[in-house]
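What follows is a pair of complexes built around subunit A, which joins subunit B in one and subunit C in the other.
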Partner chain A sequence: MGASSSTESNLMASLQRNLSKIVVAPSFAASLFFVYGFIIWTAWMAFSKSRMMPVYDWAGLRQYERLWQMERWHVAIENLLIFGGLFIVICLFLGCLLAVLLDQRIRAEGVLRTVFLYPMALSFIVTGTVWKWILNPGLGLEKMMHDLGWATFKFDWLVNSDFAIYTVVIAAVWQASGFIMAMFLAALRGVDQDIIRAAYMDGASLPRIYFGIIIPSIRPVFLSAIVVLAHLAVKSFDLVIALTGGGPGYSSDLPATFMYTMAFQRNQLGISAASAMMMLATVMAIIVPYLYSELRGGKKNG
Partner chain B sequence: MADLQTYGQDSGLKHTLLRGLLYLVLILFSIYYLFPLFVMVTTSLKSLTEIREGTLISLPRVVTFDAWNYAWNEACVGVECSGIKTFFWNSVQMAVPAVLISTILGALNGYALTKFRFKGANIVFAMLLFGCFVPFQVVLLPMSVTLGKLGIANSTTGLVLVHVVYGLCFTTLFFRNYYVSIPDELVKAATIDGAGFFTIFWRIILPISGPIIVVSIIWQFTQIWNDFLFGASFSSGGSAPMTVALNNIVNTTTGVKQYNVDMAAALLTGLPTLLVYVLAGKYFVRGLTAGSVKG
Partner chain C sequence: MKLSKSILAAGVGIAALASASLAHAEPTAEVLHWWTSGGEAKAVAALKKDFEEHGGKWQDSPVAGGAGDAAMTVLRSRVLSGDAPSAVQLKGPAIQEWAEQGALANLNDVAKKEKWDEVIPQRIQEIMKYKGDYVAVPVNIHRVNWIWSNPELLAKVGATEGPKTWAEFNTLADKLKAAGITPLAHGGQPWQDATIFETVVLGMGGPEFFQKALIDLDEDALKSDTMKNVFDEMRKIRGYVDPDFPGRDWNLATAMVMNGKAAMQIMGDWAKGEFLAAGKVPGKDFLCSATPADNGNGFLFNTDSFAMFKVDGEDKIEGQKLLAELIVGKKFQKTFNLLKGSIPARTGVSLDDFDDCAKKSAADMAADEKTGGFLPSMAHGMALPGHLSGAIVDVVTAHFNSDMTSDEAMNRLVEAIELAKD
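And now, the complex of A and B:
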C-alpha cells in the first residue's frame, strides 16, 4: 500500500473516530445534564431554604437537621430496614430453594419457571392492587378463612399501623422472588459437573454436595442478588402507594414515598431534596463497592 | 445439575416418595404464585353481589364481563368518567416512541463505544452506566422544574423525554456488552474496503443484532409501561399513563367500592406486559439479568 493511500486511510479512520464521538455525544450530554447536573441541583436545593418553590438562598445543613428531627422520616427509615431486611432474606431463601428444587430434572420445568417468574413482568401498581384486595380485612383472606371454617382467623395487617409494612413485604416477595430464582438457577447450571461427580464418587450425600460444594461455589450470585434486592428495596415506591398508600397514617412510609409526599404534597422541597440525597447516599454505599469489585474482578465482561 | 436421579443413591420406594414430595412442594409454590392472578381473573368476572356473598376462591356462578366493560369505558379517574381506555392510549403513545428512540440511541452508542473506540470511551461508558443506579427520587425535583421550563410539563412528550433519558444507560449497556463479543476484524475488514461508520453499522452490525434488539425493546417496554413514579410526578389529569389511572381508580374513596372493576382495570394494565412475557419470556429474562446484575 502506498504512502498516500495510507494517509488517506488514516484520515478516514480519524473521521470515523470523530463520527463515533459525535454519535455518543448527545447521550453523554444528556447524562451529564439529566443525571449529574440534576444530582448537583438536588444537592444544592437540599442546602437551600426551599419550601414551596425552589429558592437558592444558602441555608447550610438546616434542611438535613429538619429532616432528621421529623418523626415521619425516622418511621420511613425504620420501615426501610424492616422491609429491606425481610425482603432480601426471604427472597434469597425462596429464590435459592426454588432454584435447587427446579434443578432436580423436573418435568415441565419450563412451565414452572414461567409461573414463578411472571409477577416480575407486572407493574408494582398491579401487584399492589391485587394484594390490597386479597389482604383486605372485610372480604379478602379473612372471609375466605371464616368460610372455610376457621372462625377466629384474623388478618388485619393492611389496616394495622404496626403491621402494614409487613404486607408490603408479602407482596414484594411475591413479585421479586421468582427473579432471584432465575438468577440462582442460571448459576446452578453453570457449576462444574466434574467436581460434583467427584464428590459423589467420594460418597458425599446430596445435601452435603449442595451445602458443601454447590452453594459456596455460587457465592458471587448471592452477592449480586443482595445488591439487586437492596437496590429494589431502597427504590420501592409504587408498591407502597398502591398497597397501603403509606398508611395507616404514615406508618408504612418508606424513604421514597416520604420524599414524594414532601415534594408534591407538603411543599417541603428542601426536606424532600435532603431525603433524596440520603437515598442516593444509601444506594451509592451499596453499589459503588459492588461495581468496583465487579469491574476489577471480571474485567472481560466489563 | 446435581440431582437424585443421576446419582441415584436412593432406590425404590424412598426415591419415589422423595420425587412425589418434590413435585408436591413445587405445585404448592405454583399455587402461591398463581393465586393472585386467579383472584384477579375470577373477581373481575363476578358481580358485586357475588363478591360480597362468596369468597376469594369461589368461582363466579354467573360469568359477566360488565366489570371489564365498565373499567374500560366508564370508570372514573379523578373527575373524568370515561374509563381507563384513554389512559391506555396515553401509555401507548408514551411507550412506543420512548422505546424506539432509546433503543436506537443505545444501539448506536454501543456500536460506537466498542467498534470505533475513542480515547476515554471507557470513562464515557462508566459515566453513562452510573445513571442506571441512581434512585430517581434524586432527579424528580430538577426534572419537574426543567419540564416546566421546556413547556412540556404534564404532557406525553415530557414523559417520553424522561423515559428516553433514563432508559439510555440500560440500552447502551445491553448493546455495548453484546457488541463487545463481536470480533473487531469484521469491522476492520469493512473499513479497509472503504465502508464508513454508518454503512458498517447498517450492513454488518445491525443484521446480527436481532436478539439484543428484542431484549432492549422488551426491557424498555416493560420498564416504561410499568412506570409509576415518573407518571405520577410529571403528568396530571388526562395526560396520565395507565398505571397512574389504575391507582386512581382503585384509591377513589367516593361511592361503592367496586372490587370487580378494580381487578378488571388491574388486568387490563397488566395484560400488555404479561403478553410480552408469555410471548418472549427468554428475552425478558435476559434483559432482567443483564439489566440488574451488570447494571
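And now, the complex of A and C:
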C-alpha cells in the first residue's frame, strides 16, 4: 500500500514537472510537421519536374529559371512592390495620424475608435466585393457622380490595367489602417505622462512634443506594425481575387494569386512551388532581421 | 429484459451485416463532379435516377467551387492516397494526362457492345481514348463559336441576321456604335477574352489554320500575317465593348443582349440557357448564328465527359461499366442535353424536342465534320493541356487589356508556348 502511494506521488511529481511540455508537445509536433515539413516538401517540389502530380525527378534550378522568364511573374512581383510599398506607407501614416488625433482626449473617442477598427473585423472577401461595387464605373462612385450631374467625373481605375493594382491598395488600406491606429493608440497611451508634462512646462509646442518625444519613444511599435503589414501584403490573396480577379487580364496579379493559378489551374506544380519559395524568401527577408533585433534586444534588456 | 434487448440489437446488427454483404453485389459508382447548380444539377440528377433504375447504387461526390479547380484538388489527393472515385468529370487533354499516370480504367468491352466507334464523332473519340482504348465517355457537345444577337437592336441599323464575315462584323459594329448602341457585350475575364480570340482565329484563318496555330502550335502559323490580322481584329473588338467590361461574368453579358443594352455576344451555347430561362424564343427574341467565317465554316466544340478511374471490387467495376453504358445511351444523352442546352455527343438521338439553335448546331456539326471544320476549343481546355492553353490565354488577355502591338503579341505568344513546353 505504502509502495504504491509513493510511486503514485512520484508519478504525480514528474507529471507536474513535465506538464507544460506534455501539453505543448502535440501542437509542437503538429507545427513541426504541417508547417516546417511542408516547407521542406515545397522546397523539394521546386527542384523537381512536377507538373500535374508531384514527381521527384531532379530538375535543378530549371523551375526557377522558367519562373523568372515568365512575363506574368514579373507583373506579379512588380505589383507586390507597388502594393506592398504603398500599403505599408499609407497604413502607417494614416494609422499614426488617426491615433494622434484620437489621443487628444476627444469626447466621442470610443465611438470613433470602433468605427475605425471595424473594417478589420470584415473578411477580405467582403471588403473586396464591396469595393468592387463602389469602384465599378458603371455601378458605383462614377455612376453616382454622373447621376448627380457631374458628367465629366471619371474614376475607372478598377477597369484600367495600369491602375487596377492601386484599387487593391485603396481597399487594403481601408481595411488595415484602423488596426494600425489601434496599435499606435495603445502605444501612445503607454508613454510616460510625466515626461510630456515636463516638456509642457518647458514650453514645447504640441507638434514638437509629438515629433521630439512621443513618436521616437514608440519606435518599436513602428517596427511591429511594419512586420504585420508586410506579411499581410505578401500573403495577400483573397482581396485581389474578390476585387479584381487578378484582372484586367493579369495586370493585378500578386505572387499568391500567381501561385494559385499555376498549382491549381495550370498543372505546373514545379513553377508554383518555386514561386512559393520566392514568397517565403521575401517574408524571411522581413521577419528574420526583425526577430534577430528582437532577440538580441531582449538579451540586452535582460 | 435487458438481456433480450441486447440479443435483439445483436440480431439487428447481424441482419444489417447480411444485407450489407448482399448489397455488395449491386453495381456501385461514386461520381465526382462540380455540376451543383441550375440546369447542370438537374442534368446530374437525371443521370442518377437512370442509374438507380438500372439497379445501381449512386454515391454522389459533388465538389463545388472554382469551375472544377476544387474538384481537381480533391481528385489529386484521392488518387495519391489510392482511393479514386469511379467516375470523374474531366475533359479534354486532362483525360490523357490522367491516363498517362495509369489511373484510368479500360472501357473497351462496353464500347464494343454499344458500338461507340460508330456513333461518337471521330474527333471526340480521339479525346476519349488513350492509346486506342476508351477511358472516358462524352456527355454533350457545346458549340463555342456562336454570336447571340438582339434582333431589335440589329434592326435599328438595318441588319436582320448575324454577320457572315469579319469585315461584315466590323461594318455592323461601326454602324451600331454610331447609333449609340454597344456593339458587343463582353466580360473581361481571361477565358472570355480567349473565347473571342479563338473564334477570330477560326474565322479569319479557317479550320486548317486553327489546327496549325492553336492545336499543333506551329511556329510559322503563330507568327504569320494571318495571326497578325487576328490580333489587329482583337484590338478593333476591344473598341466595340463597353468601358465597364473587365471582370464581368458571362451571364451578365448575356443579360445585356437580352435587355437591349448591347447588340451581340460571342459565347458558347450555354448562353442559350440564360435566354431560355428568361422565357425568350430563339429566332424571335434572340438570334443565334455561327461566328463569322472568312475562310470556310468551322465548329469549335467543348465537350464535357466522365473519365473512369481504376477501382477495386466487382461491384464498383460493374457500376462503372453500367454508368458508362448509360451515359452514352440515347435516353441520357437526350434528357441531359435538353437540360444543359448542348447537343448529344453521339448520333442516333432524335432532335425533335430540341430548339432551333440546337438543331442548327447539330446540322452544322454534321457538315463541318465532313470538311474537317469540327475542331476542339482552345479556350475551353479541349485542344491543349492546361499549361499550354494557359500560356496562350495569358498573352491573349494581356494584349486585349493593354496597348500591346500585334507583332509584340505574336512574339510573346511563341515565347510563352516555348517556356510552357519544357
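Keep this in mind: the second predicted complex is superposed on the first by the 277 of 302 C-alpha atoms of A that agree within 3 Å, B and C clash if a C-alpha of one lies under 4 Å from a C-alpha of the other, contacts with A are read in each partner's own complex, and residues count from 1 in each chain.
Everything below uses one rule, namely that a contact is a pair of C-beta atoms (placed from the backbone, for glycine too) under 8 Å apart; a residue touches a chain by one contact, two chains touch by 3 or more.
Here the structure is a predicted model, which is why all the values come from computation and not from measurement.
In the superposed model, A:M277 lies in contact with subunit B only, and not with subunit C.
Of the two partner chains placed around the shared chain by superposition, neither subunit B nor subunit C is touched by A:S217.
Contacts of A:R51 after superposition on the shared chain: subunit C is touched, whereas subunit B is not. Of the two partner chains, subunit C is the only one that A:P137 touches; subunit B does not reach it.
In the superposition on chain A, A:D156 makes contact with subunit C only, not with subunit B. Residue contacts after overlaying the shared chain place A:G245 against subunit B and subunit C alike. Partner contacting the larger number of subunit A residues, of subunit B and subunit C: B.
By the touch criterion defined above, A:R266 lies against subunit C but remains apart from subunit B after alignment on the C-alpha atoms of chain A.
Overlaid on A, the two complexes show subunit B and subunit C touching the same residues of subunit A, namely 54, 132, 139, 245, 264. Interface residues of subunit A facing subunit C in the complex, by the touch rule stated above, are 51-54, 62, 66, 69-72, 132, 136-139, 156, 158-159, 161, 164, 244-245, 247-251, 261, 264-268.
On the subunit B side of its complex with subunit A, the touching residues are 1-7, 9, 22-23, 25-26, 29-30, 32-37, 39-40, 43, 51-52, 55-57, 105, 108-109, 111-113, 116-118, 121-122, 124, 127-128, 130-131, 133-143, 145, 165-166, 168-169, 172, 177, 180, 191-192, 194, 196-198, 222, 225-229, 232-233, 243, 246-247, 250-251, 259, 262-263, 265-267, 269-270, 273-274, 276-278, 281, 284-285, 288-289, 292-294.
Across the complex, subunit B is touched by residues 9, 12-13, 16-21, 23-24, 26-28, 30-32, 34-39, 41-42, 45, 54, 98, 101-106, 112, 114-134, 139-141, 143-144, 147-148, 174, 178-179, 182-183, 186, 188-189, 191, 193, 196, 200, 205-206, 209-210, 214, 224, 228, 231, 234-235, 237-238, 241-242, 245, 255-256, 259-260, 263-264, 269, 272-273, 275-277, 279-280, 283-284, 287, 291, 294, 301-302 of subunit A.
Across the interface of their complex, subunit A is touched by residues 66, 69, 72-73, 76, 79-80, 97-98, 101, 188-190, 193, 242-247, 385-387, 390, 394, 397-398, 400-402, 412, 416, 419-420, 422 of subunit C.
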